[in-house]
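Just so it is clear, A, B, C and D label the chains in written order, and each chain counts residues from 1 on its own.
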């Protein structure tokens, strides 16, 4: 039975050997040689140090294309024209499904035709050499971003390839991304990823790990996201990770977003071991975007404004072309610069909004309820507790496609646009907190002159892409367009 | 607003490798609120899973959702699979059914030829699908609800 | 000697006759017929009513091209694609200089070549018929926006032509726009404009008047702008105007901007007669814009955010192409939609920032000092007082090109980015207020490790176009690019 | 930072119908702080007004600013007007001197041919113009200030 325990060294080696035999490039990994490569990198490419020593929010876009030279060109553009502080490499879908053969076909086709036949950079297929060519070509540190339930080979190759930051986690890359992977299975696989990052860390190469905070990206109540971030942080810490960036996706209400980012940092520091350096990352709005670049720029700017007030360590930006899928590099750089302008204009203003402390207190209380139930479910073991709590529904994520979560909890915005819980299902929460949510939603129902119902949920899901924060009755909500 | 009628069972799911869950979650809520018994198969549901569930629950309607643009491939042979399993239910499909194809009438025709009884675009309100179901399944409903039908 | 007294009816008629003989189209004005035309307009085109009854900020762009059909097409686009609530018609430069002959040449050339040979709509040359064709073609109310020191004929024709709102005033369209027109001269001319608007008002056609709040558009301390708005409001009220929209240009610090808009409304209500309906208009940043549409969108969004919090009655939007001059109609509409998205997402959030009441109190005290000195300079007559106070420098506007103002007062931002006064020159102000400014600027000097000097002023003028709010030392400030 | 030298008088203004005032306001402050006697003629200054002021104040330099793109027309014959008035002063011009012409070297040549001693673009810092003035007028200055010269 899997528990929150560090993988022993011999077991680490055994799995590592097994994993690396899964694709030809796996054989090239030599841990000692990889440590030497990391040691040879300049301070400006040490992800954890750059992030942790910054004195204002660093900006990072999303970007990944199949061919190495195209990826270098794309990242150079985002670095030079977008002034990105940190760079990403987004991995393709085949790699996320561990289909390295199909990724190889796609890569070869991309090389022949010059077209982007994959929706990301197949790092496993590029191998250590390809990864290092990328690391060497850029000035800024680069993170691996993906969505892979079993990211063991990807981690082995990208760590050896010089990447020092790796997104994801056993819950955050399971619940929102896949239907049938069990939590026990993904936890076991991510224990290896974290243990491998911990092995580098022991040798002085602090691999930064970043649980994916936005989860399903759709009206996730802050306390649910924060509890899952803390769990993934604890799991990583157990395996020896010492640089952890907890994530949070903008819900669009400035007070709630600032309160949530404050709570995320505070509870992260409190729950994670002292030897871990905890930082935070704020994702600009991950829900549906308006089908209009001008309006999308407004959504992006509200994110920038929030970041200027909350001052997370990192901001992951969106582009004005978000609605239509993968943006052009110009649009991607534009999203960075719009965000930068708003942050730089607003960050020195000392904007202190009323009610943040109160909202933060509520979020913290809710998160503690969830953490308590997780520990209780596992008799003190966070791994068992997480599995059992998801199983019972005491821990849940709204709009979760995964069979591992009930997905029965439903959120709706209150009269100020803060995300509350409309349908609790079996989510564990103190009654007085439930009463607060109920009162806030009832206030909204009064304002709108309608009953609280799933219609509010549906209207809220579409609201920002329709140009508002709150899905008031006049707005028509199309179900099919809700994702 | 539970209807004054026998409960009818409908099977609901997202077909293929599509993982878009928000739409069917809301549709599930809407159908339950309207008095239907809903079997929600969730995302990434295969043709066979739809058929099995329809048989197991004696479903009167199978509602297929697709939002990632591969609906046409995912639905090839779907009605043959249903037939083989002896499923005799209305079949609806809705969502972003065709990528980069602006003419919805053409899309509707394509999916009707595949065997679907009704085809909806991504802007369809849950109320609209429910109203169609009520008509197709001859559910007794109140007048006030009938006037909300817009298609 | 000119005083703040209502022009008698016979004098009004005399001037009106004289003015209308200045250009052929002036002869077509028939006051009684004009009243009937206004009465025939639907409620949706009554500018004052639409503005005063709105329950959230209405958006209005800037736009003017020479040919009538082009102007109709442009405004239709901004109405339909930009979702403008209120429309503008910006007048060309020749008309602003009363050079109707040159405007006629330009208009004829525009008609021949199809090119925009004038930088605005020559309403005098289009005459009553042309104006009414424009009014009839659009659904929304339309305002005349210009910058004309002597706008008497323009007012006579556009009022008779169906426009129900008219921007400008004797100070706000003198000090920032022209070098040599004396204040006494422009006050006299604007008394006629206001008196004519008052004559329509008496007959039930409430012409809305809008003093131009941003003045020189460059770091204008809020109290100076507000004092001038109140004076122009008082002058208009004396002549019978009953719908007055006081203006204010964004300085970029959210607390100061919200405080200033609050103070503008409060002091406007207090100083203007009860029978006047006072509304406010917020101009998005009027200073230099970044030479980059992505960054410009950030500037525009900060304006939208401020408007969502302060909730003025109207917002005049900027476009992302502001840097390069006249925007395309697409960029103009984009500025409207970006602003709309930010306002609609933020306006229901109840964002209450600390320190607004305190800043508002300071702005009100400063404004009262200026109003007191104006009344004292004029022995109670606001016209005399304004002229004398500008003459003595007790009232002044920074960066004023006009010989009518000393232009000796200089602003600089404090450590939070609020606009303070660095060089008071002869501006009348209580010593304790001066001490507050001095302390805030000294705090900034400490932060930056440099002396308070004109360098701060220069750096601040360029800061927003360089991507920041405050011109900190690392930023290079180019003098030539300062305007 | 007043210089240890006799005060020198410079005349400053924006030529033509141009009403951009911010640049010269800041330049006036910078020149005064550097110890010059400054006669600021403000915006919309004619060639004749520049000449009259230079004579009246025995100016050693005439600094012309233009930001609205019509500098070349506005400066045609300017040096002839100065000569007729017996003005013997250095002449500088700076600002946005040419619209839609990217090559500044060409712009510099154009204005040097018109008779200007120095030509600056719109990105010029006040310090740079002041340093040039100090050299051209042989003003004694401290070493620390000379090192700030960048052109």
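Here is the rule we use: a residue touches a chain if its C-beta (ideal position, glycine included) is under 8 Å from a C-beta of that chain, and two chains touch if they have at least 3 such contacts.
Chain-to-protein mapping (UniProt): A, C = Glutamate mutase epsilon subunit; B, D = Glutamate mutase sigma subunit.
Note that the coordinates shown come from a computational prediction; the quantities given were computed from them, not determined experimentally.
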Fill in the blank from the handout: Without chain A present, chains still joined through touching come out as B | C, D
Completion exercise
chain B and chain D have mean C-alpha positions lying a whole-number Å distance apart equal to 77
Handout entry: chain B-chain C separation of Cα centroids, rounded to whole Å
Key = 56
Fill in the blank from the handout: In whole angstrom, the CA-centroid distance of chain A from chain B equals 32
Handout entry: Multi-chain contact residues (two or more partners), chain B
Key = none
Exercise for the section: Just say which it is for the chain contacts: an open line, a closed ring, a star, complete, or other. Expected result: line
Fill in the blank from the handout: Which chains touch? The pairs are A-B, A-C, C-D
Practice task
Mind listing the chain D positions that touch chain C in their complex?
Solution key: 19-23, 25-27, 29-30, 33, 42-44, 65, 67, 94-96, 120-126, 129
Exercise for the section: Mind listing the chain C positions that touch chain A in their complex? Expected result: 252-255, 290, 292-299, 301-302, 304-305, 333-342, 344-346, 348-355, 415-417, 464, 467-470
Handout entry: Complex contacts: residues of chain C adjacent to chain D
Key = 177-180, 216, 218, 398-401, 403, 407, 410, 453-455, 457-458, 461, 476-483
